Amino acid sequence: MPFTKSFASDNNAPVHPAVFQAMLEANRGDVIAYGDDRYTREAHKKFREAFGTDVRVFFVFNGTGANVAALSQLTRPYHAVICADTAHIQHDECGAPEKFTGCKVHVLPTTDGKIKAEQIKPLMHSVGFQHHAQPRVISITQATEMGTVYTREEIMDIARFAHSNELYLHMDGARIANAAAALGIGFRELVTDTGVDVLSFGGTKNGIMLGEAVVFLNSRLAREFEYVRKQSMQLASKMRYISAQFTALFTNDLWLQNATHANQMAQLLAEKVREIPQVKITQPVEINGVFAIIPKEAIKKLQEKYFFYVWDETRSEVRWMTSFATTEKDVENFVQALKESL
Amino acid sequence: MPFTKSFASDNNAPVHPAVFQAMLEANRGDVIAYGDDRYTREAHKKFREAFGTDVRVFFVFNGTGANVAALSQLTRPYHAVICADTAHIQHDECGAPEKFTGCKVHVLPTTDGKIKAEQIKPLMHSVGFQHHAQPRVISITQATEMGTVYTREEIMDIARFAHSNELYLHMDGARIANAAAALGIGFRELVTDTGVDVLSFGGTKNGIMLGEAVVFLNSRLAREFEYVRKQSMQLASKMRYISAQFTALFTNDLWLQNATHANQMAQLLAEKVREIPQVKITQPVEINGVFAIIPKEAIKKLQEKYFFYVWDETRSEVRWMTSFATTEKDVENFVQALKESL
Amino acid sequence: MPFTKSFASDNNAPVHPAVFQAMLEANRGDVIAYGDDRYTREAHKKFREAFGTDVRVFFVFNGTGANVAALSQLTRPYHAVICADTAHIQHDECGAPEKFTGCKVHVLPTTDGKIKAEQIKPLMHSVGFQHHAQPRVISITQATEMGTVYTREEIMDIARFAHSNELYLHMDGARIANAAAALGIGFRELVTDTGVDVLSFGGTKNGIMLGEAVVFLNSRLAREFEYVRKQSMQLASKMRYISAQFTALFTNDLWLQNATHANQMAQLLAEKVREIPQVKITQPVEINGVFAIIPKEAIKKLQEKYFFYVWDETRSEVRWMTSFATTEKDVENFVQALKESL
Amino acid sequence: MPFTKSFASDNNAPVHPAVFQAMLEANRGDVIAYGDDRYTREAHKKFREAFGTDVRVFFVFNGTGANVAALSQLTRPYHAVICADTAHIQHDECGAPEKFTGCKVHVLPTTDGKIKAEQIKPLMHSVGFQHHAQPRVISITQATEMGTVYTREEIMDIARFAHSNELYLHMDGARIANAAAALGIGFRELVTDTGVDVLSFGGTKNGIMLGEAVVFLNSRLAREFEYVRKQSMQLASKMRYISAQFTALFTNDLWLQNATHANQMAQLLAEKVREIPQVKITQPVEINGVFAIIPKEAIKKLQEKYFFYVWDETRSEVRWMTSFATTEKDVENFVQALKESL
C-alpha cells in the first residue's frame, strides 16, 4: 500500500505507547478471569472518579456491543429506540440493535447529526396504542457521526424531554473524549450532570487497542446487566487487558491529550483546505473530522495515495478523520497531495 | 488474594511473551480497519497452511461469539443444535446460542463429555414433523469440557452420521490445540480431514490475549458470514492486533509448544495426586485438566491459597487446570498445599 | 356506545353469512388437525385456480402473522426490508417484523402510500458493505394503507427493480380484494403476472371471521415454510374452519362482490362529503376508504355517534372505512350526522 | 378417508354446537375491533367469576401463542424456563419459546409428565453465576401431555418452591378443563389458590373452534402485556368471535360437561382394552387419553381404519384421545377394530 497515514478513520491509527505499556505491566502471573481482578477494580475506580460514585461500569469488546447491550438493558422488545438518521446504531451496525433487542429503531432526519426534543414529540402519539412499538430510549451520539458536538444545554433539553416522558437517554460515546475536549469540560459535567442514563464510552478511537465501556450513570439501571453482557457475547475472559487500557486512558489525562491533539489536527486540516477554492467544507469542524465536497476526479486521485471514505457519493462529499497519531507533517503532506489531485 | 498461580482455568494465565511481541510489532503506523490489512492477510495465510486451502477464516472476540456466530451461519431459527450436556454452548454461554440463533439446543447425557452418533439417532424422528425443531447441527467440543479427547475415528463417525442425515458438524475448539497435541497430529488431520464443517478455533486458553477464529473448512459455507459476524457484535475495528496474535501462535509452532507444556503439567499433577489416597481422579487426564473428588473440607482450605472451581458440589468434585505458564514448581507447590489441606 | 355502524375499519364489520355457512358445513365429524383435511385441500385448490398452479398456500391467523412469517422466510437477520413509511409492517405491528425476523426496516417517505423503484436505489449503496444491513425484500401494500392502488405497471416496475437487484417483492394484501375490484382484474393478473414473490392474502377485512394466507407465487420459495409458520405461532389446529372461509370467499366470486360493494360505498360517501365545503378529501378514493380533513370540533361531535380513527391529529385528518356490510342508508345516516356535527 | 372418528387428538373433533351458536349470535352489526367490544367484556367477566377478581385475561389464537407470550412476559432473554421433557413448550412448538423469548429451556426427565420441586433444586446452583442462564419460570402442564393430573398438593409444592426462589409458576392448561373435571374442583381451587402465576387456558381441545386465553392470576404481572400479545402476532381483529366462544364455554358449565364426557369416554376405552391381553396400558388414565403398548403389526392395521399417533416407536406405544364428541358407540367400534387388528 502506498500510504503510511490514513485519513479514513481514527480507528486506522495504532495503539498509544502508554496504553501498550499498561497492558504489558498487567501481563504478570495469573489473575482470575472475567473481571474479578485488581486491574479491573482499578479501572472501575478511575471511572467512578471521572463520572461520580454511583456509576457502574462494564467493559465490553466494541462499540456495537456496547450500544446493543446498553439498549437491550433499557428495553423490552416491544419498545422503540429513537435516534438520528446518521446514528451508528441505525447505519453502521448491520441491524444488530434490531436483532438483539427486538426493538424498532425510529430515525429522525438531521443535517448535522444532532436531534432535538421537538422532533421526538410526534412519536409520542404512539404511547399506549397497542399496535405501535412504544418509545423507550432516545439515543444520541456525542460527538456525532457528522463531527459535531451537542452542547450541555442541548443534552439537558433532550434529557428533560426523555425523563418527563418516561424515556431513557442513551449516549453513544464512541468519540466522547473528543467531545469533552472540544467543550473543555469533564465527563461528569458532560454526561452525569446532563441527565444521560447510560453511556457507551469509547476508547478504540482515542488510542486504545480494543475495548469499550457501558457506563450506567445510575447504578439501579445496571441490575442484572452482567447477564446481558454475557449473553450478548461481550464478556472477555482475560479482562485485565481491557481494564489496563482504560486505566491508562485515565492516567495523566491521556484521554484528554489524545483527543485534544486529534481535534487540533482536524482544525489544522480544515484551516488549510479552506484556502483551496475547489474544496467546500460541509459541517462545522468541532472534533477530529472534516467533511468536505471535492471534485469527483480528485477523490479518485487522492485515494491512490491516501485511504478515506466517500461519505455521500451523489454530493461528492468525503470524510477525513485525524487521530492522536496524526502529525502536523501528515496534515501538510495530505494537503499537498490534495492540491496535486485537483 | 494470596495466590500467584491459579489452577482455576487456562484463561487465568497471562499472555505468552511471543504473542505480546507480535502485537507490538503490529503497532506501527496506520492500517485500514476491520481486517483489510497485511497482518490479517498473513494470519489467514497461516490458517490456510494449517488447515488447507479451501478454508475461510473470520476472527472474532471470544469463544461464545465464535460458537454463536458459527451456529447462526449454519441454521435457521426452526432448527435444533445437538450437543453434550457438558457443552459450553449449553452450559456456559448464558443462553446466547438460543437468543441469537433462535434454535432449540438438544442435550445428550455423557459421562466424559463425548457424544456418540448412536445417541443422536432418536432425535432424527423429528425430521419432517412441523411441530418439532428440525435437527441441523451437531456440536462437539474438542477437547471436551471434561478434559477428554475425541479420537479421529470418533469424530469421523459423527461426521458420517451428520452428513448422511443432512446435518452439519460444528467443533468448539476452545482447547483444540491441547487436543491436537494430545493426539500428536496436526489440525488438518484432526479437523479438515475428519469431516468437521465449522470450527471455533480458540487461542485465549493457549496463550493469546483475546481473540477466536471461526474457521469454515469449506469456503462455500462461509457465504455472507461477514454480516453474521458484524451483526453478532464480533467485528473488531483494530483487527490487526487479533490477527498478529494468531500469526504468533502459528510461528515456530508456538501453539504446539504451549499446548504440549500445559498437557504435561496436567500429567505431572495427576501423577502426583494419584499417590494421595483421599484424592480420586474422575476423568482420563488427556489434556491440561484434572478432575478429582477430594474431601469437602480440603476444598475450602485449599481455596484459601489457590483459586479453582468446584465442578460438582454434590460429589465434591473439583477441576484443576494447567496452562502454558504453569511450572513444575507450581505443580509441586500446589500438591504440597493440597496435602496440607487434607 | 350508541352506534350500530362503524366507519372505523372494515374489520369492525361482522362475518358474511355465506362464510359462516361454510364454517357450519365444515363442522361435521372428526378430521385430522393442522391442515391435513379435505377442507384445506379444497381451499388450496381454489387458490391455485385463482393464482396459478405453481403457488403454495399456507393459512395463518392474522395479517401481522402473515407478513412476519413471509418476511422471515425471505430473509436472514442481517437483511433489510424496505417499505413505505405508512406500511402496516412499519407502523401497526408493534415491532413484530424486527423482533421476529431480526431485520432492519427501511422506510421511504410517501404521500399516497405508494413507493417507487427510484426511491429504493440509494439504499443499494449498502450492498456488500459489511457494516450495513443488506437490502433483501421490498414490501408494498396493495391496496395501500392510504386507500390508493398500485397499477399493474407500477408493480411490475418495482418487481423488475427488485429482481435485477436480487431482492424479493412482498405484497401485503390485507385489502388485495379491494384493489383487484378497483382495477377490474383477477389475482393472477394483479399478483402472479406482475412479479410478486410472496403475498399476504387478507380475508378478514373482506368478510371472513379470521384467517390470512401466505401465498408463495413460486413454490420453490416455500421450502420449509411449514416450520416458520409453526415457530411464528401461526399454525391452527382446527385448520378446517379457516380453510372453509377461504373456500367460501372464492365461491361465486364472493371476494369480488364484497370488495366491489365496499368500494362503491366509499365512492358514495366521497361523493356526498365532497359537497360539504368544510370537508376536504385528501387522498384519491380508490378502494373502500375516505381520508378527509374536517374541523377538529366536528370530529369530537361525530365520534359521539360513530367510531372512526383520527389519522393525523395535527392536520385534523380522519379516515372513514366502509365494508361489505355498509349500506347506502348507513352512508346517508353518517353524512347526515357529519353535517350536523359541523 | 375411511374413518369418520379420530382417536388421534381432541383437536380432531368438531366445534360444539353451543359454541357455534354463540359465534352466530355475536355476528350482528359492527363492533370495535381488537377486543373493545361487549362480547369480550362479557367473556372477561366470566373468567373473573371463575378465577377471581384480580385476574387479567388476554385472548390469543392458539396454545403455542399463549405459552410463548406468557413466558415472554415473565422473562428476559437471559432467563431459563424449566419444564418436563414431555412438555409441549419443549417438544411440540418447533422452538417457538426459544426463538421468541430468547430463553434457554431446561428439561427435567419424567415418566408420567409431572415434575417435582426436588428435581429443580440442582438447577438453582446457576443463580448469580453470570455464565449461566438464570432460572426464572417453572412451567407445568395440567393435565400433562401423558394424560396425568397434578394434585392440588403437588402444584402447591412447586409453587412454594418457585416463590421462595423468586421464580414464577406457569401452567400450560391446554387440557385444564379435563384436569379440573378429573379432580372434581373449580378453576379457582385448581389454579388461583394453588399459587399459579400465569395460565395458558385452552379451549380448542374442549370444544371450541379456535382461541386460547392467557390468564394472569395477579393483575400486576400483566403490565404492558397488550404489547407482548401484539408483537407475538396473537391479537385478533374480530376478537368478538373468540370471546363469544369462551363465554359459551362458561355458560351452563359447558366446559365441565365437555371435559367430563371426554374423560368418561377414555375410562370406557381403558376399561375395554384392559381386557385384551396383547394391550398394555402404560399411564394412569386420568383424563381423556389412553397410552398403551400394542403389537407393531396391529398399529398398522388399525391405522387403516382410524388415525392416531404412535407415541414411542421403539416401545410400540400409542396414544388414543377421546373428546366431547366421542360416543360410546365410537369407543365400541374402535375396540372392535382393535381386536380385529390383533
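Order of writing sets the labels: A, B, C and D. Residues in every chain begin at 1.
What we mean here is this: contacts are C-beta pairs under 8 Å (C-beta built on N, C-alpha and C of every residue); 3 or more make two chains touch, one makes a residue touch a chain.
Here the structure is a predicted model, which is why all the values come from computation and not from measurement.
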| item | value |
| --- | --- |
| Pair with more cross-chain C-beta pairs in contact, given A-C and B-C | A-C |
| Chain at maximum distance from chain D, centres defined as averaged CA atoms | A |
| Separation of mean Cα positions, chain C and chain B [Å, integer] | 50 |
| Computed distance of Cα centres, chain D from chain C, in Å | 33 |
| Length of the line joining the C-alpha centres of chain A and chain C, rounded to whole Å | 41 |
| Shared interface positions of chain B, touching two or more other chains | 77-78, 93-95, 99, 102, 130-131, 133, 227, 230-231, 235 |
| Contact footprint of chain D on chain A as seen in their complex | 34, 76-78, 102, 130-131, 133-134, 224, 226-231, 235 |
| Of all residues in chain C, those that touch chain D in their complex | 1, 3-6, 8-9, 11-15, 20, 23-24, 27-33, 38, 61-65, 68, 93-96, 99-100, 204, 209-210, 227, 230-238, 241-242, 307, 323, 325 |
| Of all residues in chain C, those that touch chain A in their complex | 77-80, 91-95, 98-99, 102-105, 122, 125, 130-133, 313-314 |
